[in-house]
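Both complexes shown next keep subunit A, but they swap its partner, so subunit B is in the first and subunit C is in the second.
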Partner chain A sequence: MLIDVLSLLPESWVRHLPVLVVLGPMLLSPICAAMPKWRIAWALALFGIITSSVFAFALLQDVMAHGRVSYALGGWAPPLGIEFAADMLNAPVLVLVSVIGVLATIFAMPTIVQDINEEKRSLFLSAYLLCFAGLMGVAITGDAFNLFVFLEISSISTYVLVAIGGSRDRRAFTAAYNYLIMGSLGATFYVIGIGFLYAATGTLNMADMASRIPEVADSKTIHAGFAFIVAGLALKAAMFPLHQWLPNAYTYSPSFVTVFLSATATKVAFYALVRLLFSVFSPELEFQQVVFTWVLAPMAAVAAIACSFQAVFQTNIKRMLAYSSVAQVGYMLMGLSLASAAGLSASMFHMINHALMKGALFMAVAGVVMSLGSSQLKDFAGVARKAPWTATALGISALSLVGVPLTAGFLSKVALFQAALMQDWWWAVVVLAISSVLAVLYVGRMLETVFFKTPGPAQLQVKEAPLMLLIPLWVLALGSIYFGLDASFITSLTDGAANVAFSGGQP
Partner chain B sequence: MKTDHHVILRVTAKFLIPIITLYAFYVQFHGDYSPGGGFQAGVIFAVGIILYALIFGVVEALRLVPATFARTLALFGFLLYGSVGVWAMLNGGLFLDYDFVIPEGPDGHWGQHIGIIVIELGVLFAVAGSMLTIFYAFAGRAPEIDDEDW
Partner chain C sequence: MSNELLISLILLIPLLVAGAVLALNSIPDVREAATLVGAGALFILCTVLAIRTGSGQEIALESPDIALGLTFAFKLEPLGAMFAMIASGLWILNSLYSIGYMRGSRERNQTRFYVCFGLALFGAMGVAMAGNLFTLFVFYEVLTLSTYPLVAHKGDENARRGARIYLLTLLGTSIGFLLMAVVWTFAIAGNLDFVEGGLLAGKVGPALGSVLLLLFAFGVGKAALMPFHFWLPNAMVAPTPVSALLHAVAVVKAGVFTILKVSVYIFGLDLLSALPGTEIVMWVGCFTIVVASLIALTKDNLKARLAYSTVSQLSYVTVGAMLANTAGASGAALQIAMHAMAKITLFMCAGAIYVATGKTEISQMRGLGRRMPIVFTCFLIASLSIIGVPPLGGSWAKYELMQGAVDADHIYVVYVLIASTLLNVAYLLPIALLGLMPPNADTLEVAGFKRPGGAPFLTVLPLAITATGCFVLFFGVDVISDFISPVFGARP
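Moving on, here comes the complex of A and B:
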């Protein structure tokens, strides 16, 4: 179903693909910051991210055709030099992040006019490009320390992006500060863990590390490093109970930032967790199985139920969706902690679907908020009458979130159930089913308000969202339907990813 | 005559600032083959300007190094770093492969030397510019609530 992007690119570019996916946005970021007219900065940002997504598609095709692609930065061969490596585990993540990036950038045009003061817009777009480049870097790098550097690039710019919401709602400052403290803790834990691993193995290259860990796997150093890494990345991925930064950060940041972060940042952190757990460490290690069974799986179960429950009682629609995000991270972690290829494939599948539907949901909410000026659930009464296109896309994505048949969310939940049943984890199926019922409650409450409540005078002033917002919104909503009918493309990618993960990520 | 309480500070600072700046360049140009380099040099250079701002006031410092100049310097430094990488790519090497910075035979390694110096210059500009921008952002921030308003 893909156009053969790879053959369209000049021959000499192909070997540079791993670095090109990061380079464009990163080098355009300072140029954007210097732009006096923010529309030029926006055009540059869009251009940079489109090129990045073209390269990401080409890289995916390259990986599908030829297997693992490695790039030695500065000509220093790995494991000594820094390596950018693409395989079936991270190439789909790169494509996901960059496609969401393109859609989010188009969506940014109408919304940042409302959310951000004019003199800050160029700088805002510059920080956004840095954040994007950082996320792509986390996904592409094959070096454990380099991953930390990119994680920090993306996180620090994210704090800025969240704090910019402070010009409209002062609570964004405390949300950003809270996120900064928590995020720095996560990054510190990660780098401490890497320090332990470096002490024990003497290498920072992930593939090299993976081959050296089994010899020293019984040492306390490796155990401590493992614990630090899991805690650090789980914090970044908003694993329960380390998710406290997320609801406020999503609620008070500008709507564009919420869309972009909800669809990419936690996904990339989740990818990093998968990369470290499956292709640096290995699920066969005894201590890792203990962590899967007694830490990750129970936390995932609590997240799926407790945070869905919290979502039911939220009065702010953005906060409700934020709690739902934490619950969905629980689903993904549940699939991961099965430690089986089917489970990992299902949770990657759910990750991609969740990016599509949560991106669309936050976009649709932003579309209504633009003319309504409030994100309280009660103020959304009957807005569907005035903004039918926005509300319909909201409805489709919300149904996908619940997991109604014919939507992508249904297929990934079924895949998760099947993977759990394969190992007789009946309790996991029950937990996910209860969580889905709770999702029906909060999504139902939202849809009832939007479609069936009588609109008041304020709601009658609501206008349809601008076209620049509707296009990316509907691309995502139709994506949820398309992959609900025919998910063979995504499942082939995620099965490939699971295969790579379980073969130890070796070339 | 108006008494100046800070005369010792001013005289000492005037004496020290050129030395600090010179030391920054010393660290900079030894960075490619001994401890030091662009990051430390950038910080030391910015410290010279920040000392000037502390002693003579932010307004004077802004006349010496305008905020837009500091920001542009940081952006330029970042781009300089990146462009060395792209330049190596255009010459047929991998990203940041200094062996391809200048055309030379397979045994020539002058490119390594030139590459690292340009990179370190980029780091110097980026760090000095960023430090100053951060300092100006804090120092130039007007308190939102006056003390009398409480």
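Moving on, here comes the complex of A and C:
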């Protein structure tokens, strides 16, 4: 299904692919900030992210063909130097983030005109590129401390992105501030945890760390480090009950930021959690099993039910989707805490699908909000009549969120069910089923409002979203359908990822 | 025509119809012609399919692995071929009827209506031809979703409320129970194929098997077992053609068809008869039969009464499947066909009365039969078929079911069937008789026609045909029983 990008690139580039996926956007970021015309800045951003995604695809193909790719930054050999490493666990994440990045950037064109004051747009795009580069960096790096650095790059620029929404809705300031405090706590926890691990193992390179941890696994230092790392990353990934920053941040930031964050930021944090738990620590460690069974799995279950329940009672459509995101993170954590290859593969599968559907849902909502000016659910009455294309894409993605057959969301849910059944975790299946029924409630309420309620005078003024918004929206919506009919490509990737996590990439 | 092409075409035609209807939005006459031509073609193809299935050909089509070892598979067996023929054949008549009804009562959004009808038929065909449980589940959901806009058609608060209950019950049960049962089956058996003699046979103990059976029985909300029956009366807010084809035939029959198919090919009748859970489902089915009939007695709204009657009659099929013997299961299969023919007639009559006079309550229909003799005569014939009076089709189904109950040594089922028959008489016959009686002594006046000229010809013709069909089915029952007997033939 992929064209062979790898062979199109010059040989000398291929060697540098791991660093190239981060480099473009990062270098373009300050240039963007200096651009007097924001449209040029936008074009630069789009260019940077497209190149990044081409490199990410090439890297994925390289990894698929030749296995793990290691890159010594600055020529300093790991474990002393910083290592960028791509394998089947992170190459798909890089592709996901960069593809979503391309679509989101196209989507940015019409929406930032409305959301952001003219003089701030270049700066905004600069912060966005920085955030993107940070996320790619988190995904590519093979160095635990370097991961912290990239995590902070992406987080700090995210606070800026959220706060820019303050020019239209001042509540964005408190949301950003809240996020800043919580996010910094998470990052601090993470770096403290890394400190402990460094003290115990004497290395910061992940692969190196992984080989040294088993000898010292029973020390208090490792236990403390583990706890700090899990708490810190779980906060970034919006694991219940550390998700409090998310609903406000999603609700009040500019639509573009919501789309981008919902489809990438929590996913990358989730990846980082997987990376640390499975290829630095190991699910065979006794204390990790305890945490899986007694902390992560129960929290995931509570998230899947409680947050779906909260979503049912939201009156703001963006906030409703935000709570649904927290619930869906619960699904992914549930799969992860099964500590099996099937569970992890299902988790990653769901993560990719969730990025597609949530990205599309927030895009479609933004498309309606553009001409409606409100994101209250009741104001969405009958907007399908005036904006059928936007509404249909919204409908498709919403069905994927419920897990209706013929959509990608269905297959990943079945995969999760199946993985849980293999472990005899009946209660997990029951939890996911209850959560799905709750999803029927809130999604049904949204679709009924959008498609069947009688529009009022304000709703009759709604216009179809601009083409620049419809294109990325429909790419994502059709993606949800395509992968609902044939997900063999995604499952081959996620199976590969699970394979890396459980047997270090040996076939 | 190769068998693979045949299956593809049968799936494709309803979709093409939906597309054509959408494209021909602005030319109503051509749009309706597209539906009719499509329905006709579909019926012919389904007949070919049935003939080939009857001659013992292997008709199958399977997609490559889509993920996790799941595939879209289609494989014909007599039950499915019969269901496909019923659904497609009645689609023709119902389309004629829809044209008369929708134009006669000047409904809005007619294009959306016909598009969704096409999609619903796509779902029904997929259910009928499904070759594994996964495919069946997928098309089951297609059917749910595509009929939701039809139920919500009017768009007022009442219609939206009914449609909400409809969707939540059907999606809720299917995601909450059915999906779990499917994945659980997958986990136990390693695949989801329909296997003669039962996929789970020999793989589950009585406890696990019973739990699975209960998940299936209640997960298939479309079979309307109590307490998950209330979506059906609520779905009556839909325009009558929808109630007629979908909520008397395609949707509800897809439900009981699923139950039957799961009983025969997933559990297998041998395993089924050994499970304690079978007994529980049978009790619930018997309870539903009696209680739904009693509720029907209290309803004055004609469509509501018919809806509860449907709830009751659907459980005949469930009970028949749970009897787990040849006579019981073939009685269940016959009931699918017989009840479809009779109930669609009843609903079409209700719709014709509504279009002509605007009346929906039974008490207002006194003497109307004098003005609409054909409609009320057909109503009487269909009522008698449901009651099970020879020479009408319904009598065979009831006979076989009773035979099955005796064979399985479940005498109480026989009593339930007899009680149900008496209740049928009590809630169905008065409607036709009241209509044919002289007008009320107080008013001395029959309700007049709201629409000049009474019921449109296109609404009366189809119901006359289906009423005749009730006779034909009585005499043609041998053809059907011979056709479906191989399904249960594996048993001595």
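A few comments on the model shown:
To be clear about the criterion, the second predicted complex is superposed on the first by the 503 of 507 C-alpha atoms of A that agree within 3 Å, B and C clash if a C-alpha of one lies under 4 Å from a C-alpha of the other, contacts with A are read in each partner's own complex, and residues count from 1 in each chain.
Assume a contact is a pair of C-beta atoms (placed from the backbone, for glycine too) under 8 Å apart; a residue touches a chain by one contact, two chains touch by 3 or more.
All of these numbers come straight from a predicted model, not from anything done at the bench.
In the superposed model, A:V462 lies in contact with neither subunit B nor subunit C. Of the two partner chains placed by superposition, only subunit C is touched by A:S488; subunit B is not.
When the two complexes are overlaid, the chain among subunit B and subunit C that reaches more residues of subunit A is C.
Using the contact criterion defined above for the overlaid structures, shared-chain residue A:A33 touches subunit B, although it does not reach subunit C. When both complexes are overlaid on chain A, the residue A:S436 reaches subunit C alone and has no touch with subunit B. Listing the residues of subunit A that touch subunit C in their complex gives 349, 399, 402-406, 411, 413-415, 417-418, 421-422, 429-430, 433-434, 436-437, 440-441, 444, 448, 451-454, 485-488, 490-491.
Contact residues on subunit A toward subunit B in their complex (touch as defined above): 12, 16, 19, 23, 26-27, 29-31, 33-34, 71-75. Residues 71-72, 74-76, 78-79, 82-83, 85-86, 89, 92-99 of subunit B are the ones touching subunit A in the complex.
Touching subunit A in their complex are the following residues of subunit C: 64-68, 70, 137-139, 141-142, 145, 149, 152, 155, 160, 163-164, 167-168, 171-172, 175-177, 179-180, 183-184, 186-187.
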